[in-house]
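Shared between the two complexes below is subunit A, which pairs with subunit B and subunit C, respectively.
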Partner chain A sequence: MTIKVIALNTFKEAIRDRILYLLLFFAALSILVSRVLALLTVGDRAKVIKDVGLASISFFGALMAILIGTGLVYKEIEKRTIFTLISKPMRRHEFLLGKFFGLVLTLLVMLVLMSVIFLALVFFHTSTVEWKLLLAILYIFIELILITAVAILFSSFSTPILSSLFSLCFYLIGHFSWSLETLIKKIPAGLLRVLAQIVYTILPDLENFNFKTEVVHGLTIPPRVLLYSVAYGLLYTVFILTLAVLVFRRRDFI
Partner chain B sequence: MKTVLDIENVHKLFKVGFIPKKKEILKGVSFSVAEGEIFGYLGPNGAGKTTTLKCILGLIFPDRGQIQIFGQPYLEPKAKERLGFLPENPYFYDYLTAREFLDFYAQLFRVKKDERGKRIASLLSLVGLETARDLQLRKFSRGMLQRIGLAQALVNEPSLVLLDEPLGGLDPLGRKEIRDIIIRLKAEGKTVLLCSHILQDIEMICDRVAIIVGGKILSQGSLTDLISEKILFTEITLSGLDPKDLAGLGESLSAHGGRTLIKVFDEEKIQEILDLVKSRRAKIHSLIPRTQTLEDLFVEMVKSQ
Partner chain C sequence: MRRTTSLILILGLSCLLFMGLKLEIDKASRQKIPGSSIIYVPSGKYLKTATFGFSSLMADIVYIWAIQYFGNLAIPDKFDHFVHIFSIISDLDPRYVDPYEVGALIALYDTKDVSLAIKLLDMGFAKNPDLWIFPLEAGHYAQLYKKDFPLAREYYKKAMDIPGAPDIVKRLYANAAFKTMDVKTAWETWLEVYETATDERVKKIASNHLYNIKATVDIQGLRSVLEKYKAKYGRYPDKLSDIVTAGLLPYIPKDYDQKDYGYNPKTGDVKTAVIPWKR
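And then the complex of A and B:
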């Protein structure tokens, strides 16, 4: 109940934040630009629109999660609004989870808006509503949930600028860590390989949520892979949120 | 009397600076607040008043010591349910309107929806903000923020209200209004813990006080016990007498326009002056006995540290 009240207030705060609309504007622009790119391409133009569109949704969604998420908790502490909140009958983790769900709700609304623009553009081009594109967007949403948790973790002990940098690093590392897997295959068995394997296990692998290529090219995805990705996303999110709660629980608000 | 808030031997140490240096803010603070009283918690800036409040509210964790609210451990949500709090220099969600703001806090206390509407309307009228109900808080003046902050502290109809400098930033009229609200809270049977350094206000409304200086409580008790009722001196303004005649009777403070202000420490000397005035057909304009004020006590204590 407390979590819900805080989440709804966070949602209200986020949708009254100008930066959200700025990002939404650029996301829409980027999706629409894919149409121009398609004109310049030889071959399957619809694929270019889908590719660029999905990439835009993913990228701007992540920016929204990072730029708003990193400010949410910090602002409460900085502006001392947290004083009146924590003094109410609530536990600290309820505050943090409320913030998290509020931002997840905001991102959901933004994703729906971007998806409408995207599907409309695809419809304009192919004259069919391609619902299967929503599968890729669903996994983008799961990725955004994880990034939100990361942004909130950093925000609970660091300033917005540093937190944004850390979260952006998390995003980038997450999208390139799969190359470690390739590297591991090439390293001869031994200590180095074990080390590389440990590093790969700890680092996030956000490519788990990337089904853009498969969806755009109409490839079949085994259900096992889909299920694995959902479980990976949820478990990683729970892990990060637990860390955030642990950090936040013992903090003094001076 | 039942004890509502009990603080025992609370210590708090902060590490400050780039190379952390330990600074002890609270050095064993103990006091207790009884049900239905207005308790004044005073001290100079930086004495540890706000730090104590933050410990009570669970915003910071004391290193040592016990805090109990309504006989329960202070971090329990159950204990906080009957607690209201107004922070110093309140900052609030400036994107919310006054009504949305109070509604948000009422929801945190799980107040039912139809009850919320009624309560918010009565709170807004209590603090005199009915006309500003749909105004975003970013457009509020300092005094209005203080008022909405007080409304927020009362949204759960608390039994114990903690107010940190509730009269700061208000004009004399606003101060009187807030003071009246605090007295009304007491009449309703609520307990109030009031932090302030505006001593006249505390003196006017508090039943008991504790004085904290440098992280230690130097004195606590009821106002009548702390401040002696003994007359310290008497100030007499008179005219028609030569100041030279008054030599030896008291300390002459000023003399203009034929009027002399004299400070008399001895009660017998007052009689002598009165006799002198009568025999010379001079005139007394005022005769004011001065007792010790809270300010005298406070200044004395801070200086002695």
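And then the complex of A and C:
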């Protein structure tokens, strides 16, 4: 119940944030610009619109999660409203989870808005509502849930600027960590290889939520991959949130 | 304390689970179209704008990606967009020499398309007219794989005219000129190489070529006169000096070392006394 109250409050607070609308504006602009880019290409124009549109949703969604998420907990500490909150009969993990779910709800609303613009543009170009694109958007949402958890984690012990930087690094590492596999293949068998393998499996692999290419090209995705990716995203989120709770519990506000 | 222990347990368990899941996901093969996106980029010029000043970095990334892409044996039609992909890199970073050279090698060895390799080197030269390496390599490919000496000569000439080109370019040019039977240019160039060379080995190479050019011209002339002699007397002369006696030639030429050419009266064959490269 407490989590729900905090979540709804966080949602109300987040949707009043001007940054959110600024990002939404640029996301919409970027999606619409895909139409112009499509004119410059040679070949399948709808493909460019879908690629740029999905990339915009993913990129701006991540920016929203990072820029808003990193300030959520910090602002409460900075404005000292945390003192009022922790004096209530509320556990710290409830506060953190409330913040998390509030932001996830905000992101869901933003994602729906961006998706409507995107699907409308695709419809305008192809005269069909391509529902299959929603699959890619769903996995973008799972990725955003994880990024939100990361932003909350950093926000619980660092300043918004540093938290944004850390979260952005997490995002970049998450999208490049797959390349470590190539490196591992080149490392001779031994301790170093085992260590590299461990690092590889621990590092986030955000490419597990990237089904943009498959969806745009109409490729079949093994159901096992879809299922495991959801489980992977949720488990990683649980891991990060647990870490955030552990860190937040140790903080002394007095 | 108990709560902290529970949290650490959750942390460890979730970590183990997502690690296990990651390994499972890696095992599943996902259908991919490598490079499917890049072919829709109209040209590197547009991509350059989108890199916000990081065009060189983007060129590196596209190049590294291209190496993996063309090395992937599972893509049968990967060479359909070969020039397009390399022109993107070229537009992003025109001074990036490796992609032109490596791209040309890929075209040569993987597609066996010498013209494509030369096209890529031409692209590099168009963007870098001050770099002799592109016309030199293009000339090399034209000579070695197309046996097109006039084309090779053209490229060597371009390379030769660029300041800083190594001496070997002039030698290659002289050789290509000889192969196209432009003996005058070949002679003049080899003579220039001989006179300007500081290295004894190069001097010797130039001298051998000069010997070969003179011998080729002399033997060609002698063969023609010998045929005239045969037409007149119904046989080849017993010795070369007979063609002077017959008034067909004012004198018998000597080789570059002032030695007599070898002559076989039965076949009318004229040969150098030594093999030019073993003087």
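Simple rule for what comes next: the second predicted complex is superposed on the first by the 253 of 254 C-alpha atoms of A that agree within 3 Å, B and C clash if a C-alpha of one lies under 4 Å from a C-alpha of the other, contacts with A are read in each partner's own complex, and residues count from 1 in each chain.
We take it that a residue touches a chain if its C-beta (ideal position, glycine included) is under 8 Å from a C-beta of that chain, and two chains touch if they have at least 3 such contacts.
Keep in mind that this is a model prediction, so the values were computed, not measured.
K.L.:
Overlaying on subunit A: subunit B and subunit C, fit or clash?
P.N.:
Aligned on subunit A, subunit C fits beside subunit B.
K.L.:
For the superposed three-chain arrangement, provide the angle subunit B-subunit A-subunit C between C-alpha centres, rounded in steps of 10 degrees.
P.N.:
Result: 140 degrees, to the nearest ten.
K.L.:
Who does A:Arg224 touch here: subunit B (first), subunit C (second), both, or neither?
P.N.:
A:Arg224: touches subunit C, not subunit B.
K.L.:
After lining up the shared chain so the two structures overlap, which partner does A:Leu108 touch, if you call subunit B first and subunit C second: first, second, both or neither?
P.N.:
Neither partner.
K.L.:
For subunit A, which side has the bigger count of touched residues, subunit B or subunit C?
P.N.:
C
K.L.:
So, A:Ile187: does it touch subunit B (first), subunit C (second), both, or neither?
P.N.:
A:Ile187: touches no partner chain.
K.L.:
Going by the contact rule set out at the top, does A:Ile86 touch subunit B (first), subunit C (second), both, or neither?
P.N.:
First partner only, subunit B.
K.L.:
Regarding the shared-chain residue A:Val245, is it in contact with subunit B (first), subunit C (second), both, or neither?
P.N.:
Second partner only, subunit C.
K.L.:
Per the contact definition in the header, classify A:Asp205: touching subunit B only (first), subunit C only (second), both, or neither.
P.N.:
So A:Asp205 only meets subunit C here.
K.L.:
According to the stated criteria, A:Leu32 is in contact with first (subunit B), second (subunit C), both, or neither; which is it?
P.N.:
Neither partner.
K.L.:
Rounded to the nearest angstrom, what is the minimum C-alpha distance from subunit B to subunit C in the superposition?
P.N.:
Shortest inter-chain C-alpha distance (subunit B to subunit C): 14 Å.
K.L.:
Along subunit A, where are the residues that touch subunit B in the complex?
P.N.:
1-2, 5-6, 9, 12-13, 16, 79-91, 250, 252-254
K.L.:
Sort out for me which residues of subunit A touch subunit C in the complex.
P.N.:
Of all residues in subunit A, those touching subunit C are 37, 40-44, 47-48, 51, 181, 201-202, 205, 208, 213-214, 217, 219-222, 224-225, 228-229, 231-232, 235-236, 238-239, 242-243, 245-246, 249.
K.L.:
Which residues of subunit B touch subunit A in the complex?
P.N.:
Residues 14, 54, 57-61, 77-78, 80-81, 83, 85, 87, 89-93, 95-96, 100, 104-105, 107-110, 149, 152 of subunit B touch subunit A in their complex.
K.L.:
Given the complex with subunit A, which residues does subunit C contribute to the contact?
P.N.:
4, 7-8, 10-11, 14-15, 17-19, 21-26, 28-33, 36-37, 39-42, 46
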